[in-house]
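Below: a set of structures, written as structure tokens.
In the two assemblies presented below, subunit A is common to both, partnered first by subunit B and then by subunit C.
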Partner chain A sequence: MDQVATLGVTRPRARSPRASFWAKFTAQPATVIALVFLAVLILAAIAAPLIASLVGHGPNDLYRTQMLDGFGLPRGPNGSFWFGADSAGRDVFIRVIYGARVSLVVGVVATGIAVVIGVTLGLIAGYRGGIVDTLLSRFADVMLAMPLLLFAIGISTACSTTSAGCLRGTLTPGLNLVIVIIAVFTWPAMFRIVRATTLSLRETDFVEASRAIGQTEFSIMRSEVLPNLISPIVVYSALLVPQSILFEAYLTFLGLGIPDSTPSWGGMLDQASQLFSVAWWLMVFPGLFLLATVLAFNLIGDGLRDALDPKTPRRTTRKRAA
Partner chain B sequence: MSQTPPTTDEILRLDHLTKHFPVGRGLLFSRQRDIVHAVEDVTLGVTKGTTLGIVGESGSGKTTTARMITRLIEPTSGTIAFDGLDISNIDGARLRALRRRIQIVFQDPSGSLNPRRTAGQIVAQPLRVHDIPGDHSQRVAELMARVGLSPEHITRYPHEFSGGQRQRIGIARALALDPELIILDEPVSALDVSVQAHILNLLDDLQRERHLTYVVISHDLGVIRHISDQIAVMYLGRIVEMGAASGLVDHPMHPYSAALVSATPSHPGRRQSQRIVLGGEIPSPITPPSGCAFHPRCPKARLISGDHHAAPETCRLHTPPLTPASDGRMVACWYPVEADDNLIDAAHAMTANPG
Partner chain C sequence: MRSRRSLLTIAGLGGLLLGGALIMSACGGSGASGSAGPAKKGGTYRVAETDFGFSDNFDPTGEYTAESWAMYRGLLVRTLLGYRLTAGVAGNTLVPDLATRVPTSPDGGKTWTFSLKTGVRFAPPVNRAITSHDIVTAFERIDTPAIAAQYGFYYAPIAGWDAYAQGKSSTISGITTPDDQTISFHLTTATPDFPYRLTLPATGPIPHEVAKCFPGAGTYGRDLVSSGPYMVAGSQSVKITSCAAITPMSGFDPASKLILVRNPNYAPSTDDPTIRRALPDNFSFTIDTNQTDIFNRINAGLLDDSPNTPPASIVASMATSATTKQRIRVVPNDRTRYLSMNLTTAPFDDIHVRKAVNLIMDKAGLQQAQGGPLFGAIATHIVPDTMFNNDSSITSYNPYATPNSAGNLAAAQAEMRLSKYDTAGDGKCDAAACKNVFAIAGNTNQGFNMVPVIENSLAKIGITLNFRELPPGSAYATINTASRNVPFTSITGWTKDYPDPSTFMVLFQSATIIPVGNVNYSLVGLTPAIASQIGVPYPKGATIPSIDAQFGICAQTLAPSTRQACWIGLDKNLMENIVPWVPYLSDNAVHVISGAVTAWDFDQASGGASYARVAVNPAKQSH
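After this line comes the complex of A and B, so read on.
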């Protein structure tokens, strides 16, 4: 073992991968702000009933006498209704907080389903190649080529005409339907990334080495290839979440997503569009929250990409002269 | 180490081993396909406990041969026998059992180690895959120590090591299952010259200690002649010369081997003016030259024809078979090099008067 010393090539102990990940991830102030914003939003969404009881207003409580004027128009922000009231006299602040629940649940669950489908199929297509790859890739291409919004509108209309839903009741209108629609249309994006990366990993020497050792193809896929896909999967998931949140807002805005009894940002924007000239707060508050949430997820996605890319220098390292 | 004639001690035998890769012409829907003649009719044997070095320029088919021996790709034709058993077509449990006996070490030590696994996990991988009973961590520690790594290296990731250390990890992984034959594909060519010697010494020690058989592949004759008992010289997928290492390096009989030897810088007393400088590029293995594949570049052929533009008809039309010459040497050449051949000038005349 003294041979090691004579080689003189032992490098100084690098920082643990986790520590250097955090250093890079938090290097951009914008990423940190986005993280803090999302942390607060998630806490607020979880604690929505608690906040409602502290304020004293439920999300569907009507404050007609207090918050509607003589013409039946809503009143704006004041000391106890921070974000004003909507046309039915409900507290916009409380509804925005409850709306965060819908957006976050849709964003995370729809992305989660899309990731599971996209990663599984992408891994199989990229690793197996051949006819399996051709079939799966064409299928994903077809899904990507579909006029997304049109199809989504079609499906949700078909499944929303009665409360029994469609496909013998497997899809009922509301949150679940929205999540399924979004997942069905977003997995191909994840599929493509995973397939392309797997395609190049399949040719690496360490996969070849695993084969030479006698590891089965399934085991190589699972324990050699998959761990090397974590970076692209994590980064891309973070970018799919805001896309899903926006998609839900579109659907609900068009009256095809979440029913009005459940507060959601898309639904609130839908109502606001009819009253914008007299009640700006109906548009501004849910709109701002939607914008900030989408932006925050995108910033985190960018931050993750930089932090997980070994080629990104850490901010703290000295700048070399170009 | 002594030169052994073919005996029952033979652990590996390749017979007429051939690999053709079909490649698309790039024309959409075209049925027409080109064929890369990566390995052509390779026949050789390796004696237990010795080292066979395979040397040749880039693209001569060395890696393809290695991948066929390790059954990572299927031969187009020909057979591979390991320990007397034809392994060219085995699969399933028998192939899995074979994998314990033949291991491979790759050229690029960073590419052959999974960047998401620690050194310890990488070395333990073969033990895990084959469900070897016993204490894996103890075995890993022994292996790491044997290849010159220390215990604290076990939990580190490949990017935290130098190239030489990474190759040590690759060697430890190859040793884990106590194989009999190890294929080393350019084991040191990615490393600094100072580190190369350490790795070659380690390989040498391990071979003696564990009675290992090596097939070492390199484009660098300097590396090959240091560790090989037998050397096979490959050119465009074929073996052009094969024999005991010292004899072949001292008296190459094939004009291509002579050029390789003369270009090896570590050869004692060798000066630039004594190099046989070959003109032209190595031809495409898709359309190998007719007859002897070396004829477009061969200086000896010019000495025979007396014309520095053309090789004699024999060389252009007939493929020379690998035939026994003196001292167990095998040569594939119609006009093997003789002591008074001036190949340096012949090669010079070719490059000076191209066309």
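After this line comes the complex of A and C, so read on.
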């Protein structure tokens, strides 16, 4: 029998890293609320067609006679149209739900592409150093120095005036173009973080040891360095997602993003801006959802950072100590 | 003329009765705003707009916007012939202005001779009598390629026109001036509507001693020498002793303001005071980029008028009160809004598809997207009825009539079954060419509102569109470039240049198909040779229909009634046998004026406020 147990002393239970992470991550109520909100939003976005059929309104169905008044102005929220109608007589609630699809897809996919590019180049630049590092770093600097919005507007406009789009059809107007533009302009930030961390990691003993036993550079980067980058990558990715969502909203707000037939929060806000004085609901509902989603991703990013940082004390421990 | 009009509004379906009442009041001529009192001389008429939007820096030789023409005609530029500067059919009637009378041609439209009134003088700094030579100077500017007159093509029938343009002659041989008070135009082809072309502001007199100092495009606007009742403030301070001495008139800054004061040399006795009443002492045209602010200021009495279309919210709130309702003006505007289909691109290269599109289109929905009946009546053919003097043979013409103008699925599907793109015979286009068809829309509120209406309509016959909503400038730049070959366009509209149906029909002439700046969006009359020039593939095995022959016959028909019947026939031919458009709205101009305005009228010929016929009560203005 265990002597400690025999003495009636409880051994502190050793938590697994996953359990420790989860405990820290859920310690903040705001993080939990954000997580729940996003989960509900994702479910709603996935089930948008089902919700639309239950409500009986499609995202592009027109209810002109019901929901536009004598002067063509949209009517506000009521029992059938919970968020009111837009200036074409469409159900704002259904379009907000469909708009979540665009925002989430853009946020996740554009961030994913930016992360892949940023991590790959940052890893190579940080580990190899020398001329490779110099070239890649300057390239990233050039990208960061570009007037992002102007450049995006230029690309969007140039690729929107023909059916073939740009680059022999590689970039066609719409969702894909928006994702590419966002990814192209957001990877350098990830690159810088990964490069800086890799620069310090490559000098560590365990990397030195791997070199000594003859591991290849690729193998060291993949097996030794990359796993130690997971924490900053995850945290920063969570912060990139809301940035991408906002950027899509900017582009669409400027009329350069998603076509009107595909509901998006940015597009809805664009149209709302001209009617806000008489139709507050056009701006309030998509604006609130955009705000809440961006806030949720930011809170989750903060939560991840705290949870993955070994220096962060566990709230439960502090409570006990108190 | 592609009239510049703000597209930031929507208004509504239920405004029909209101709109009717307002149209009636506006068409009645000068309408006082009620409590402001009788129309008297004095005060400053204050106009604001979001942007002057000049197409040629206010140089009358090239300026091609409705608002500029309204300013010229009412206030600054007199022409040989003019209009009554009022609303409705009367406003499209020719009257003499600088000329003593409206002439008749002795040879079927090839020669036109005018006698000028005496005593008409230029404003400062020129201060001398206007002669026939000053009109020649205006034509020489139009015919100078470097000055790039935007509608110079109207004068191509003048003998010697090309020789002058090419520098082979120092004069335009077809324009003669036997004396200071006489001018004759000798044309190479009979042009019965030539008198109308002499109402366009580019033909107004320009003093040769000043004109020589402005040899480039858009350069003369800041030193425009007035021949009308007003002039640009600061005109009298400009020195014209040499070209180098000429400085811009202080009252005009294209980025912010245009201030007009009375022309001391204007003699009402040389004009018709029932037309140009010239009541305000000054006019102030300023820029305010915030459209809502403009109309809020008009409602507050801080401004009096704006050429911008008022937002629906403003119109709606004003319509709720009997007092403010009187300050809304609605006038039919001789403008057709239409959807354009490109005859060279699938699936619109099939006339049955184009007819099916006309039959399925929810025109009532498009009307509502544009702001409802207040903003225009549903159009059923190409040229507005008013251009045909409301001829009964065209006013009831509607080859694609549908219940409530909301589309007729059965009729559209029956037409689609005749198409090569409906292989299944189910009334729906099932070819790949009908999916994801590239289309251009404006990204204005109206543009956005139209897109779902069009998409929903066309989906019923199996056509899906890939709409690009672009800012109006980008949208026009795209569709004006012929090589883009855009299949479908919803931003398009057209306004007359002068009250003759030919100014609509030119849109379908093969001669108007040009690589850049093309307005024949449907490419009617395209030939393999033209297609090669503009970089558009000519559809294999197809023959694009042409109206050139019929246009030529109508254009040279002299007798008014026969001429009108000819144009009506061409309109019907286009609607039934060529079908390049879905015309959906005959536009109304909607104006909101302040409570200080005591007289207001609409210049039907220009498509803007009739500034020569407005008046304001300074005591009612806020400052």
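In the analysis below, the second predicted complex is superposed on the first by the 305 of 322 C-alpha atoms of A that agree within 3 Å, B and C clash if a C-alpha of one lies under 4 Å from a C-alpha of the other, contacts with A are read in each partner's own complex, and residues count from 1 in each chain.
In the analysis below, contacts are C-beta pairs under 8 Å (C-beta built on N, C-alpha and C of every residue); 3 or more make two chains touch, one makes a residue touch a chain.
Computed from a predicted structure; not experimentally measured.
S.K.: Quick check for you: in the superposed arrangement, does A:Ala158 touch first (subunit B), second (subunit C), both or neither?
M.R.: It touches nothing on subunit B or subunit C.
S.K.: Look at A:Gln215 in the shared chain and tell me whether it touches subunit B only, subunit C only, both, or neither; answer first, second, both or neither.
M.R.: first
S.K.: I'd like to know which partner A:Ala88 touches here: subunit B for first, subunit C for second, both or neither.
M.R.: A:Ala88: touches subunit C, not subunit B.
S.K.: Now for A:Val36: first (subunit B), second (subunit C), both, or neither, which partner does it touch?
M.R.: In the superposition, A:Val36 contacts neither subunit B nor subunit C.
S.K.: Between subunit B and subunit C, whom does A:Gln271 touch in the aligned arrangement: first, second, both, or neither?
M.R.: Second partner only.
S.K.: In the superposed arrangement, does A:Leu73 touch subunit B (first), subunit C (second), both or neither?
M.R.: Touch status of A:Leu73: second partner only.
S.K.: Identify the partner contact of A:Asn228: answer first if only subunit B is touched, second if only subunit C is, both if each is, neither if none is.
M.R.: first
S.K.: Residues of subunit C touching subunit A in their complex?
M.R.: These residues of subunit C touch subunit A: 8, 10-15, 18, 292, 311-313, 315-316, 319, 365, 368-369, 371-372, 374, 438, 440, 443, 445, 448-449, 451-453, 455-456, 466-471, 474, 477-478, 484, 487.
S.K.: Can you check the complex and tell me which residues of subunit B touch subunit A?
M.R.: Interface residues on subunit B, with respect to subunit A: 70, 72, 95-96, 99-100, 102-104, 106-108, 111-117, 125-126, 129-130, 145, 148-150, 157, 159-162, 164-165, 170, 173, 177, 195, 198.
S.K.: Which residues of subunit A touch subunit C in their complex?
M.R.: Touching subunit C: residues 60-62, 64-65, 68-73, 87-88, 90, 157, 160-163, 173, 255, 259-261, 270-271, 274-275, 277-278 of subunit A.
S.K.: Under the touch definition given earlier, write down the residues of subunit A that touch subunit B in their complex.
M.R.: Residues in contact with subunit B: 1, 3-4, 7, 9-11, 13-14, 17, 204-206, 208-215, 219, 224, 227-228, 230, 310.
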